[in-house]
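Per-chain numbering from 1; labels A, B, C and D assigned in written order.
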Amino acid sequence: MKQYKAPVLLNQQVSNRYWHMIVNTSMLDQSVEPGQFFQIRCADKYTPFLRRPLSVYRINEHTTEFLYLVKGKGTTEMTTIEQGDTIDLMGPLGNGFQIDSSMKTILLVARGVGVATLAAVAQAAYNKQIHCVAILSARTKEDLLAAEFLEGFGADVYKVTEEDGTSDVTNVQSIITNEIFGKYKIDCIYTCGSRRLSKLAQEMSTNYDIPGQIALEEHMGCAMGACFACVCDVMDGDVTKSVRVCIEGPVFPLRKVVIE
Amino acid sequence: MKQYKAPVLLNQQVSNRYWHMIVNTSMLDQSVEPGQFFQIRCADKYTPFLRRPLSVYRINEHTTEFLYLVKGKGTTEMTTIEQGDTIDLMGPLGNGFQIDSSMKTILLVARGVGVATLAAVAQAAYNKQIHCVAILSARTKEDLLAAEFLEGFGADVYKVTEEDGTSDVTNVQSIITNEIFGKYKIDCIYTCGSRRLSKLAQEMSTNYDIPGQIALEEHMGCAMGACFACVCDVMDGDVTKSVRVCIEGPVFPLRKVVIE
Amino acid sequence: MMKKLNTEVKIGTLTLKNPVMPASGAFGVEMQDAIDFNQLGAILPKSITKYPQPGNAKPRVCETTAGMINSIGIQSKGIDYFLSTIIPSFDTFEPPLIASISADSIEEFVEMSTILGNNGSVSALELNISCPNLKGDGSAFGMDKSVTNKLISEVRQVTELPLIAKLTPNVTSIQEIAIAAEKGGADALNVANTLLAMAIDVDSKRPLIGNVMGGFSGPAVKPIIVRMIYQVAQVSSLPIIGCGGIMNGRDALEMIIAGASAVQVGTASFIHPTALTDILNEIETYLIEHDIDDINELVGSVIV
Amino acid sequence: MMKKLNTEVKIGTLTLKNPVMPASGAFGVEMQDAIDFNQLGAILPKSITKYPQPGNAKPRVCETTAGMINSIGIQSKGIDYFLSTIIPSFDTFEPPLIASISADSIEEFVEMSTILGNNGSVSALELNISCPNLKGDGSAFGMDKSVTNKLISEVRQVTELPLIAKLTPNVTSIQEIAIAAEKGGADALNVANTLLAMAIDVDSKRPLIGNVMGGFSGPAVKPIIVRMIYQVAQVSSLPIIGCGGIMNGRDALEMIIAGASAVQVGTASFIHPTALTDILNEIETYLIEHDIDDINELVGSVIV
């Protein structure tokens, strides 16, 4: 983990609420894994004060891409960054997803900007010749991002939205059990972005005995494991254990996390 | 006095420590006088926090120009403003110089960036067909700014610098009494930018019974007369009276100010 | 159909048409060029002293990260000038005038309150028992609960006007002082005056304020003030006027939600001369957007 | 010829090779990726409690203008884990290790100080008598001068190690508490812990911190801390460790000039992971540029 000033190659609005940024990260002295994240200094000011965690969306040889939702002060500032500017980032941070080459088919369950995190999984899976099936959930069709990107990697993508009335948990559950489990033998479930869908994925994982991995989000201070701002609970056998998302996560075994 | 976002037409370094900015002020609903100033928000951040007072350097029909010394946080931020950006300014503020058309010849005594303030006087004097004689004092020849600008308005310019060893008060005094008073009948002395030169100008004004005007600088809070941050003392007959530079000044009768 | 928006709030027996007023010392009649005074909830000139007072050494202001320090030292032309000149200068404006009093002793507070309490143009008194610029290294009446109680009780005897105690944040327990002021008979509590602070130029090694220490204001201090408003609201039933670090409507709303019935805005006007009226507009927009008819519903509505 | 620069400072009997160390709670062994720990004046892990403690509700941090609020609540695995795991994790680093103790009672402070005082790897104890996150609405031992005095005196009986009292800024008179700590036998004073603060999201009306209130740190608070360092330096001859809002070398120097012999840096590391060593470098550059051979010449050199 180091701090860098990385040249911004692109920073572009891709839908109503989402932006896409590509930065030159050829100076990194370490490889980046899907599920890892960077701490971004959104502006060279003291307001917004804290860095913002963004996971990697696409990992390329010399560049790293982010897909971000414009939510509050920090991400709003980020939209003012222009191509040619530099961005101050620190990372890569945390532990990424495990994507075992012996797997044949994996299931991605992403809600909203959670797809940013799982897109990197699809990319890595493709490189390892693992087939992806993905459920993408979003408020509106416009917010259903990265579907084509995933399809480009050969993924079968199921889209559900509030707009279409298809995104309720029961429907997602029936898609998984009836359609997906009917067609594929899933070796691992990956999820990110929604408490409700994570709970569902956790149930599926337990009921069908499929391993799973989840990327969690917590508000962060240091992002270096020092401050204990970002804790969440995981089960260690029968006891709950407090872990730091920034350094012990953000990816955890799906069945172990205590989803609040 | 109002607050405006004014388009910046030029912001350019003119010497080692000085920058020149031209802003489009065609939206002003009031005329600007030499000696008046604007409160500039140097950056859209809370650090630097306070606005910075800059007096007008040149006053044109649709534009206003500033000449500023890069001194601390605020003026350093100002140098990052680019043509096409807007700048947040409030003004015009304060009382300007009085330049009575009946005068024939006036003397300007400026030190350092004080010339920015007096340049506007030279410009106005030219328009009123008043002849200007100016002593410009600076650390180095490079810092002797606006000399050509004054000469363009027909001013006779005497330059003194530390570099040349010519800027000590005794030498300036001898230039005034021997050379300038020998050649011209001075109707009014205008000064800005140096405590020592102001004292000298004040003495000359008293000893030779020439009226004078001085533009003062004080640290400001509100610049609207409300906070009493910017006070200085002037003589009101035999008693000293506290006045606010922002609203009762920045220009005062030279003989009345108590130069600390 | 637009519902009618109620922005009226009460400070003791005084009704303000809206909760936004200037903070003492950061407002003067000179600002009428910048904003329409008739839109304000109240008018509140700089604290006055009994006798003319020269104020402190310069520099009197300096900036810090997201804030400023001031040590003006209540430069004042005295109460006579206030009566003869300052009060009449606001005569043509509608909002009630609140006079802020600064004094060196309880007796002087009583004396000045008697005079101002009998002036028909003054609608309420704010007792500045918290100015950190007085002699005595930043100490203030408002740092001691029994002094606070005694001071307010004695002033209470001489006037019927609503009394606002302006508390100092430089205390271990603002609740204790708030309770003392309430028991003394205050009608409202201003939370709070400036925090005592200092800044040094590392090159010259000199303090950036002529008077060495001064009062710290601006957005940097807001989280401390919000906390104090919340704390005071837990122990006192008096209306609270929130003051310290408000830069925009959301900051004002934060204080209202924490427990303030009204707010004062000082430093923000130095950065944005139209801050006072902008803030009022932003509050109104928020009320409409959140479908709140009466601002009083928001007061102390924080969900903990 | 380059003169030799002395950056050594003394904290009681403990000599630090330079005045820059981390602030408790904003530093951990995990940060060795970001900076070279061997450059630090001291190593100072997060405050520990006697028993394991879960910490507070989430969110535990939020940002404010030029600062942040935290309410971690001393999440700790207890003193046994500290002895068995945390201390050894710093074994390979040269700087002395200062253990920060947080406890619920004087007896517990004494007990923990006895244990840590007898551990050969611990070079000094910092007594966190100021954590505003404990039960009791942000109150702390360090808010009361007699409690402070008693606490330090009792700990003084059980250990020879240098004792640093970490004071709370949430008091009316930090001088009073400083004197009480000095009389109790403290070897140094940390000025200061975080300011009690609160922030509310105006849309949800919920506090931005799960625990409602929390400790305020970062550049916003610096002017308050500088003032307190200056005030304490006037009344106490103990070395002061300045802490609160340092973001760069000039901020650290400001505190040193105000009266601090050393400084702690917390929040800055969250923004710039290399802040600690950057600050040290900036201090050294300043000393060279200002032709100062010994940093101790700067301590308290403010010209008033």
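Everything below uses one rule, namely that contacts are C-beta pairs under 8 Å (C-beta built on N, C-alpha and C of every residue); 3 or more make two chains touch, one makes a residue touch a chain.
All of these numbers come straight from a predicted model, not from anything done at the bench.
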item	value
Touch-network distance, subunit A to subunit D, counted in steps	1
Comparison of B-C and B-D by number of C-beta pairs in contact, larger one	B-C
Longest centre-to-centre distance from subunit D, chain (CA-based)	B
Approximate Å spacing (C-alpha centroids) for the pair subunit C, subunit D	34
Interchain centroid distance [CA atoms averaged], subunit B/subunit C, Å	36
Distance from subunit D to subunit B - Cα centre to Cα centre, in angstrom	48
Centre distance in Å when subunit A and subunit B are each reduced to the mean of their C-alpha atoms	58
Of all residues in subunit A, the ones touching two or more other chains	46-47
Residues of subunit D whose C-beta touches two or more other chains	64-67, 219-220
Chain contact topology (line, ring, star, complete or other)	complete
Touching residues (chain side subunit C, partner subunit A) in the complex	65-66, 219
Complex contact set, residues of subunit C against subunit B	25-28, 30-31, 33-34, 46, 54-55, 58-68, 70, 72, 75, 218-220, 269-274
Residue ranges of subunit B in contact with subunit C within the complex	1-3, 41, 46-51, 90, 218-231, 242, 247
Subunit B - residues contacting subunit A, complex	45-47
For the subunit D and subunit C complex, residues of the former touching the latter	64-67, 69, 137-138, 143, 170-172, 195-200, 202-207, 212-213, 216, 219-224, 226-227, 230-231, 245, 247, 250, 253-254, 257-258, 286, 290, 301-304
